[in-house]
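Below you'll find the structures, each written out as structure tokens.
Two complexes are shown next, each including chain A; its partner changes from chain B in the first to chain C in the second.
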Partner chain A sequence: MIEFKMPSLGADMEAATLVEWFKAPGDRVERGDIIALVETQKGAIEIEVFNEGIIGEQRIQPGRKVPVGTVLATIVGPAEEEASIPAVKTTKPVEPRPQERLTRAEEAPAPATPPSLRITPAARRRAAALGISPESLAPGSDGIIGLAQVPTGPERAHRRGAGLDLDEMRKAIGAAMVRSHRDIPHYWVMHAIDATPLFEWLETQNAIRPMERRLLYIAPLMKAVALALKQVPELNGHYKDGVFRPSPAVHMGLATALRGGGLIAPAIRDADSRTVDELMDVIAELVPRARLGRLRSSEMTDGTVTLSNLGEGNADSVFPLIYPNQVAIVGCGTACPRPWVVGNAVAIRQVIQVTLAGDHRVSHGRHAAQFLTRLSELLAHPEGL
Partner chain B sequence: MTDAELSDLVARSLYAVAPDVEGEPIDPNKSFRAQFEIDSMDFLNFVIGLHKATGVEILEQDYPDLQTLSGAVAFLRQRLP
Partner chain C sequence: MTTRRMTYREAVREALRESLTRDKRVFLMGEDVNRYGGAYACSLGLPAEFGDERIRDAPLSESAFVGAGIGAALGGMRPIVEIMTINFSLLALDQIVNSAATLRHMSGGQFSVPIVIRMATGAGRQLAAQHSHSLEGWYGHIPGIRVLAPATVADARGMLWPALMNPDPVVIMEHATLYNEEDELPTEGDMSVDIGKAAKRREGADATVIAHSACVKKALDAADMLASEGINCEVIDLRILRPLDDETIIASVRKTHRAIIVDEAWRSGSLAAEISSRITEQAFYDLDAPVARVCGAEVPIPYPRHLELAALPQPQSIAAAVRKAMRR
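What follows is the complex of A and B.
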């Protein structure tokens, strides 16, 4: 029997409130299944299970706030189940959750929808999340099914309720950053990179791609950052209890600003080995979900490094603080046209100022410079990313 | 479609990509970015939503015309058959 405990979802989480069970005693679960929703300072987080088996006893009922490590439920492993609970052999098949069928945020599950049905992507998503067939909905006065035509469901209830409390989130960010500032001996190295080839490549790509496949520069930028980090293992991993553990893969936390002032950095696993298009799909699905406060536990804990990209029309550079227990964070200012020396002349180029903050217990400026130089080389040839 | 219908369509497309601002009034002449912290990802999804709702092809060079409610309505009025 396995004890399924309240996981720690960040350096500063001490307790969380169980909001909802998605599985009942007797239900079969597989690794990666979402079995519960908990409310933390960083929003409502979907908790995944890391063992396969059958849910035994649920010891905590929704509504209770319990410390990290509290046993929430028991799971009977595959080897034990025959002997202990033969009655549950006919468990119902696990239906895929609606989100898993989505690639981009806009590509809501369409098979059940006749082409004549006009429904907004958000309405389609909410209907899918609620298990409502779009055909059963009456369109609005303009003939289109919008959000107003879809009943309010749990997704919406969690948004401002259990989903996001920005004051609490600010406290959590504060606690993590106080710890970062106190414990991590930071250094910062900044490098201005000519990203003109990246933007020219993107323009060419986006001109020939259908709208749904267009790329934002964050996708190739993330790929390049991940590949460059891969070459400097001292910048990718975790430092805990005096020991640095480098990570073989780059799981990149993407700092995501929430309207109203919140900030969260869900992790994109294996950013170094995904294609640019795959990264675009993941980011497009992840960012809206982060804003709704519906992240998964693995996305809160798996990051090995963080990327903070200020984005278009923003400030020139950023000097971020490392998220404990990571050992580096990459900050990208906005891309803007600058005078730039090319050969013996001055040209106008799109320049991004990239900063690497590192942990001096693990690395030093030379590592940062290696990373930034490699990143610069990669961005010069975006077609190879 | 009338301008009022187009305006509703644009507003719905915006709320679809930023459901957390749904129902908030939209200043027709102020950019979505300035009003609602719409970033480039939201904006791309918004443009895709407009395309899906109307069938109008939108190129990257059209994006500046779509930054405000009034701009988006004018753009769609011109492009719709």
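What follows is the complex of A and C.
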């Protein structure tokens, strides 16, 4: 019998509230199945199971807040006939509701066809404040989207059904960063990289691609960072209890800003071995989900390194703090046109200032320089990513 | 601080006594107020203390004695005029609306009418249609007067003196079912209350129940029932029906996102309608449910007990409206 415990979903988590069970006693589960929803300071997280078997007893009922490590349920190990049973799809993905745009009709719409989106003013306002599209919200059983259907925002916390509480999230980020600043001997190495080839390549790519296949520069950038990290294993992995464990794969946490000031870094698994297009797909799916506060437990815990990209801001560079127990974080400033020496002439080039923060217990400046040099080479030839 | 227990009726009587004692210009006038002690016994015993000059019986002639009260106020007195029930006040409506409420404006501010008109209102005592209606909303419609609705013993005790000090006409509606309500009041100190603000009678985060007069108690009863279901209502007692205290109402609705207005009067064109409009005008984007109204049935109030109860808002109907707003 396996004890399924409340997982630790990050260096800063001590307890969480079980919101919902997606499985009942007697249900068969496979590795990777989502079996419960818990609410943490970083939003509602879907908890996956890492064993297969049959749910035995559910010891904790929804609504209870329990510390990390508490046994939530028991799972009876696989019987003889295991392995061949197909995984049961357990999550009910929220179907985006196509919004019927009411044209400026001369007459009111016929009462028999209610508008497809019925949302209360307060819910609409909160969704807008959180940057959530109302169409992405599932209505209540009466067909109406009210406050109860919108993830919790900064205005009010702890509504059942879960979501984000940005004040709580800020506390969690604060706690993790205090720990980082106190425990990790940081060093920072910065390098300005000419990313013009990357932007030129993106432009030609996007010119021939259909709209939905177009790339944002974060995707090839992430791929390049992941490949460069493969060359410097001292920057990728976890440091815990005085021991560094490098990770053979690069699971890259992508620092994602949430409207209202929250920040979360869900992990994209195997960023090094995915194609740029696959990474684009994952990012496109993950970022809105992070903003909705609906991440999975593995995405909260798997990261081996973090990428923090300032994106369209105007700041040149960032000197980030490492998220414990990782050992490095890559910070990218905004790409800007700069005077740049090419051969013997000065040209205008798109330059990104990339900073690597490393953990001195594991690596030092030369490792960072090695990484930044490799990244620079990779970005010079984006077609090879 | 020591307290004593008193009824709403005793609180009204004590307020009358206080006013008569504090200001020689104050007198009470109305049908049966002297020899009979008032229709609801509020002035019982006062003639012996203050004499027939200051506790004056009036003939069955509302227009005449309210008009006389207005004249006395213009002449420098501070009259308190009692009308047996709000239904009968319609006979004096011309005096109240066309004279008392307008004279300051029409005289360019040269005259004010410092009159206080008290009247019993509301249903619930099996007195049938002509003694049971709630016409507060009609008075709430009129600029130039202030309309008060004491729902508690403390307000019954504390509103009269500030009303008398108000330079303009004040109408005080006392709900007939409240006279026997009891509460603790301080034994000493100034009992006066603010006659400008609504009162929050219960704190809550989930829904705002707005009521006045006898419906406040029913709203609180509904809130108790709902609390056991995990719904926490905020209960606002309007207290002042004109001018309405928008600030308190809107702040509460912004917090709870849901508003349920309880009003014993008929729904059409009611005070509840006015409040509902103000909420949608000022807090539309904060609403998570349509503004709900629990009002009296649109019939003349029936005489039989069960029909009378059915025609009025009750804690059960208020609770049902809150649940609906909560989508439960």
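Following the convention adopted for this analysis, the second predicted complex is superposed on the first by the 302 of 385 C-alpha atoms of A that agree within 3 Å, B and C clash if a C-alpha of one lies under 4 Å from a C-alpha of the other, contacts with A are read in each partner's own complex, and residues count from 1 in each chain.
Basically, a contact is a pair of C-beta atoms (placed from the backbone, for glycine too) under 8 Å apart; a residue touches a chain by one contact, two chains touch by 3 or more.
Note that this is a predicted model, so its numbers are computed, not measured.
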Practice prompt. Kindly classify A:P246 by the partners it touches after superposition: chain B alone (first), chain C alone (second), both, or neither?
Written response: neither
Practice prompt. Mind working out whether A:P197 is in touch with chain B, chain C, both or neither, as first, second, both or neither?
Written response: neither
Item to complete: Considering only touches as defined above, state whether A:P139 meets chain B (first), chain C (second), both or neither.
Response: neither
Worksheet item: Where does A:P233 make contact in the superposed view: on chain B (first), on chain C (second), on both, or on neither?
Response: neither
Item to complete: Using the superposition on chain A described above, determine whether A:A284 touches chain B (first), chain C (second), both, or neither.
Response: first
Worksheet item: Is it chain B or chain C that touches the larger share of residues in chain A?
Response: B
Worksheet item: Can you list the residues of chain A that touch chain B in one structure and chain C in the other?
Response: 120-123, 142, 144, 146-147
Discussion item. Could you list, by residue number, the parts of chain C that touch chain A in their complex?
Written reply: 257, 284-289, 327
Worksheet item: Within the complex, which stretch of chain B touches chain A?
Response: 5, 8-9, 12-13, 15-22, 33, 36-37, 39-42, 44-45, 47-49, 51-53, 57-60
Worksheet entry | chain C-touching residues of chain A, taken from the complex the two chains share | 120-125, 140, 142, 144, 146-148
Worksheet item: How about chain A: which of its residues touch chain B in the complex?
Response: 105-106, 118, 120-123, 142, 144, 146-147, 156, 159-160, 203, 206-207, 211-212, 214, 216, 218, 257, 259-260, 283-284, 287-288, 291-292, 311-313
